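These are the structures in question, set out in turn.
In what follows, chain A forms one complex with chain B and a second complex with chain C.
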Partner chain A sequence: MAEEKEEKGSFWDAFKGVLYGMAGHDMTRFALKTRGSMEHLFILITMGDLLGVPILPPYYSLRLLPYVVPQISTWKRRMLRERDLTDALA
Partner chain B sequence: MNAILVLILAALALIVGYGWYARRIDRNIIQPDPKKATPAKMYMDGVDFIPANRNVLFGYQFKSIAALGPILGPIIAVQWGWLPALLWILLGTFFIGWVQDYSSIIMGVREEGQTFGALSYRFISPRARGILLAFLYVYLLMIMGAFGIQVGFNLLTNPAVPLGVIIVTLAGLLAGQMTYKWKQDIILTTVVTVVVALIGIWLGTLPAVKNIFGAIYGLQVVEGKTISPTLFLQVTRAGFIGSLLVAIFCYLGAVLPIWRWAQPINYVAFWIVLLGVLGGILGLLIGHPGMGDFPAVTSFMAAAGPLWPMLFVTIACGAISGWHSLVGTSGTARQLEKETDALPVGGGAMFLEMIFATIAFLTATVAFGSFKGYQDAGGPAAPAAVFSKGLSAFLNQWGLDRVFGQGFGTAYGAVFLTLMALTIMHLCVRFMRVASAEALGDRFPALRNVHVGSIVALVLTLFLIWIVPFLQIWGVFGAANQLMASLALLLITLWLMSRAKNYQWTFWPFVFMLVTTVGALLWSAYSALFVKLPKATNWQGIVAQVTIGVLALLLVVLAVILVVDGVGAMRRYRMEVAKAASQ
Partner chain C sequence: MSLARVFKEHPNRRYIEFGGKGGLGKTTFSAATAYWLAKQGYKVLVFSVDPQASLSDIFERDIFGKGAVEIMPGLFAQEIDADRHIRLYQEEIRQKIRDMYGFEEIPEEIENYIQAAAAEPAMEESAIFDAVVDIVVGEEYDYYIYDLVPLGHALYYLSMASVYDQWIDKITALREEMQEYARVATILERKKETEEDKILRELQYIKQRINTSSGILTDRERTAFFFVITPEEMIILDTVKAARLFARYQVPISGYIVNRVIPPELARQEIPEYLRHRIEMQKRYLRQIEETFGAGVLASVPEFERDITGLDMIGKVADALFGGEA
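Showing the complex of A and B:
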């Protein structure tokens, strides 16, 4: 009985997952992309020194550094990744 | 042939194709490892590379690949009879369609989530990436022309449709406002906006509203037929207004922030489409009509050309489509949590699209009960009108007409299809403006401007809508799409060769698709330049035929370059494998 319930639950979860994938997953991805772009801009402004673009005086960059550190690895990954037009498709 | 029998055949193709053939390839050749780290985990950046649940990805993949192609293609293709169209949908998916979708995803996963463009550059040649972009631009332009004709000339010209489309658009804007600005619950937002949209579609069918749009379109009844006055060329006032509405919608979709226009409208439209599909399937199962006198095969030569090769480019997305490989590599492969998810997501979504195309096929073949009924509903030149009337017949099986009136089903079908087309078209214009800015922005800086790039794309679109006949645009659109599929299959074959794996299951589909597509393009060019052009009596006909002929020849040249580079790459990989084996 418990197994049957679990199976029903998993079917319901799968159905919800598929429906969400069709209706809302794209919206979530766009929202993440927008947030990602804003974060990149923020890091570029604050930590531009890392790329040789000193926008903010190093004193303030150093003050902000602890807050930015967790995002630096993903930021570098995205900034250094090769891109072309087909990236814009999905 | 009864509708239920057709659905059983499709289910059999799914069970054998997915359950036996696809699983066998997956298990014996690709050998996915669920413990291997995928790019979504290795390069997780929280944006492009992010692991997603298998069910969510399945829904995402299906939504990304199932657009207007699998609906209109089969309806156009039944002009050769129901049998060739049905066989191509089922066998095309069985042997080629899922192969391309699944292997594009698995190749993306194994090659660190690289895009299709980057993979073409690496495995075929540096110029293959440029060729891909040229295919892509022509493909998008043809989508705009083909869908634009159907929406502008066949759907929005029905006076019961425009108000519904306008209100659904406004409901979409409301959904955006409620979600992003007022921070409302998504379920409340969905219920409110979908109900508003449904009321809007119903309001559009009221006689008073139809009379208003009839007056705007200048509709008159002459000898029992409702016609709109011709303004210029062969464009009627209704068609002119309809095509301008399309252009305005797409312009706003291309220049406004995506959260404000494209995304929430797509969201509301999704529910309208989903309700329509579910209602249609229910009606189909209740009524399970037969095909009546619909012929199995009409003749080898039909209005769109000879059965081979034109049928195989007419039905693209329902059997195989190059678009899927682009979505698979750029989107899905970067979100796959486990390698073993590639088959249910890529292969499974393609087989579901086959079922979707089969249902569209049934709207043309069984909804009217005869071949004459199909032709009277619009025939191959007006597949959107055929679909909306066919869907209406299915919806009326369970009594929709008794609740909302006789015309509601057709209006719903027309709004359903208009939304499906428009929600793709505005994204196409968005992509076209990015592509033109990238490719020509250095030479023509004005193209970098968002408005200029969008307007250029829309002027080209209106040119196609007003000048070129639909069936010819559809032929070139299908060919550009299938050439991208050939490119994808070539790429996958080269990838398999480079990994010393069995590549026969992708190589022969590649050969078939390439020969068929080049054949279709050569026939389109010949037909336009040597058959229709000499018969053209006005400048519109001359411009239309020259445009189609030149575009088809351009695609042939690009395909030849691709084959030359591909054969060179194949030789290279064969030598490398032989060398590695001898050492």
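Showing the complex of A and C:
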């Protein structure tokens, strides 16, 4: 690719970066946060047994277990922690 | 219509099920049907989903948990060992976790969960269900004969398929929605590709397995379900109720087979009063069966002079069941 174009591109990229910071970043954060919450909801309905919430059927939830191993501890913390006022600000 | 003709007129019905209350002769008829079909040159698998299976007893061979065992040319029998199936499955899950994260050992919390899940009451049924899916999706045999567990269990087994299906639908929908959010974030961050959701793929795999299995069970073209009854009042009443329930799960009921009919010609001989009364009673209930199920009654099998074990006796039952037609 031509150098000229690359220079032009880098200015354009920087501009897009600023624009993203102004408008997009929050939306991205929101999307990821929503997805994160849903991830935890998903683990609850598939692995609820880990918290003592019996959920059917255990046979197939075992199939999914390997994929959620890394999330299990943060999920448990989130599900079992006490709520306070600062939750509303998060 | 005779049972033999039902088989001849519907060659596509390759999944054969016998249902009914416990101890009426489901296993006997499953074995006899397998015997009859094998004698005609078909490759047949008769398998039991009952944890207290009796195929081993009827064939006089220990086949429990040994996979499909050839009993005679063309006739294979299999008893599913659910415990073993669960153990292998647990180990498969552990290995997957070890491979995915490079663990030497499974974290305690995860291991506890794997152990606890296996102790759930629904686990055994689910494991059997899964093992059956493995059997029926392999297109290895011309006929598959299910020796079903007693009625209540059979209904549970069938309803489980629809419960599973709904459960999977719900979480698949949630998973897909999650994927949407991930995609939005990807677009906003201008990354090229969203990370593939392996869980979604796993769910789709589970769903496909469940649908295949319940699809076969309720497919009028491919499946025949026969009720086994005896000329007794309670059995008739229960069967009417069960047939209604089965119909609700779209199980295609193909007919009824009457078992344990005391040969009426005995009445002409010198027989004790006790036996005469039983013959009278059966006559009455046979009439009731005729009125209740009418043309649905496909065969009537006599009470034999000894219990049915071994291929010779199974052959005799097959003759009675299919009218000696080849």
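By our rule, the second predicted complex is superposed on the first by the 59 of 90 C-alpha atoms of A that agree within 3 Å, B and C clash if a C-alpha of one lies under 4 Å from a C-alpha of the other, contacts with A are read in each partner's own complex, and residues count from 1 in each chain.
Everything below uses one rule, namely that contacts are C-beta pairs under 8 Å (C-beta built on N, C-alpha and C of every residue); 3 or more make two chains touch, one makes a residue touch a chain.
Here the structure is a predicted model, which means the values were calculated and not measured.
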Partner chain(s) touched by A:Arg77 [first = chain B, second = chain C, both, neither]: first
First (chain B), second (chain C), both or neither touched by A:Thr34: both
Chain B versus chain C as contact partner of A:Tyr20, first or second or both or neither: both
First, second, both or neither for A:Arg63, with chain B first and chain C second: second
On chain A, positions contacted by chain B and by chain C: 16, 20, 24, 27, 31-32, 34-35
List of chain A residues in touch with chain C within their complex: 16, 20, 24, 27-28, 31-32, 34-35, 38-39, 41-42, 45-47, 49-50, 54, 56-70, 72-73
Complex contacts: residues of chain C adjacent to chain A: 89-90, 93, 96-97, 100-101, 107, 109-110, 113-114, 116-118, 120, 122-123, 126-127, 129-130, 160, 163-164, 167-168, 170-171, 174-175, 177-178, 181-182, 184-185, 188-190, 198-199, 202-203, 206
Residues on chain B engaged by chain A in the complex (per definition of touch): 43-48, 50, 52-64, 114-118, 129, 132-133, 136, 186, 258-259, 263, 266-267, 270-271, 274, 326-327, 329-332, 431, 434-435, 438
Residues of chain A touching chain B in the complex: 13-27, 29-36, 74, 77-78, 81-90
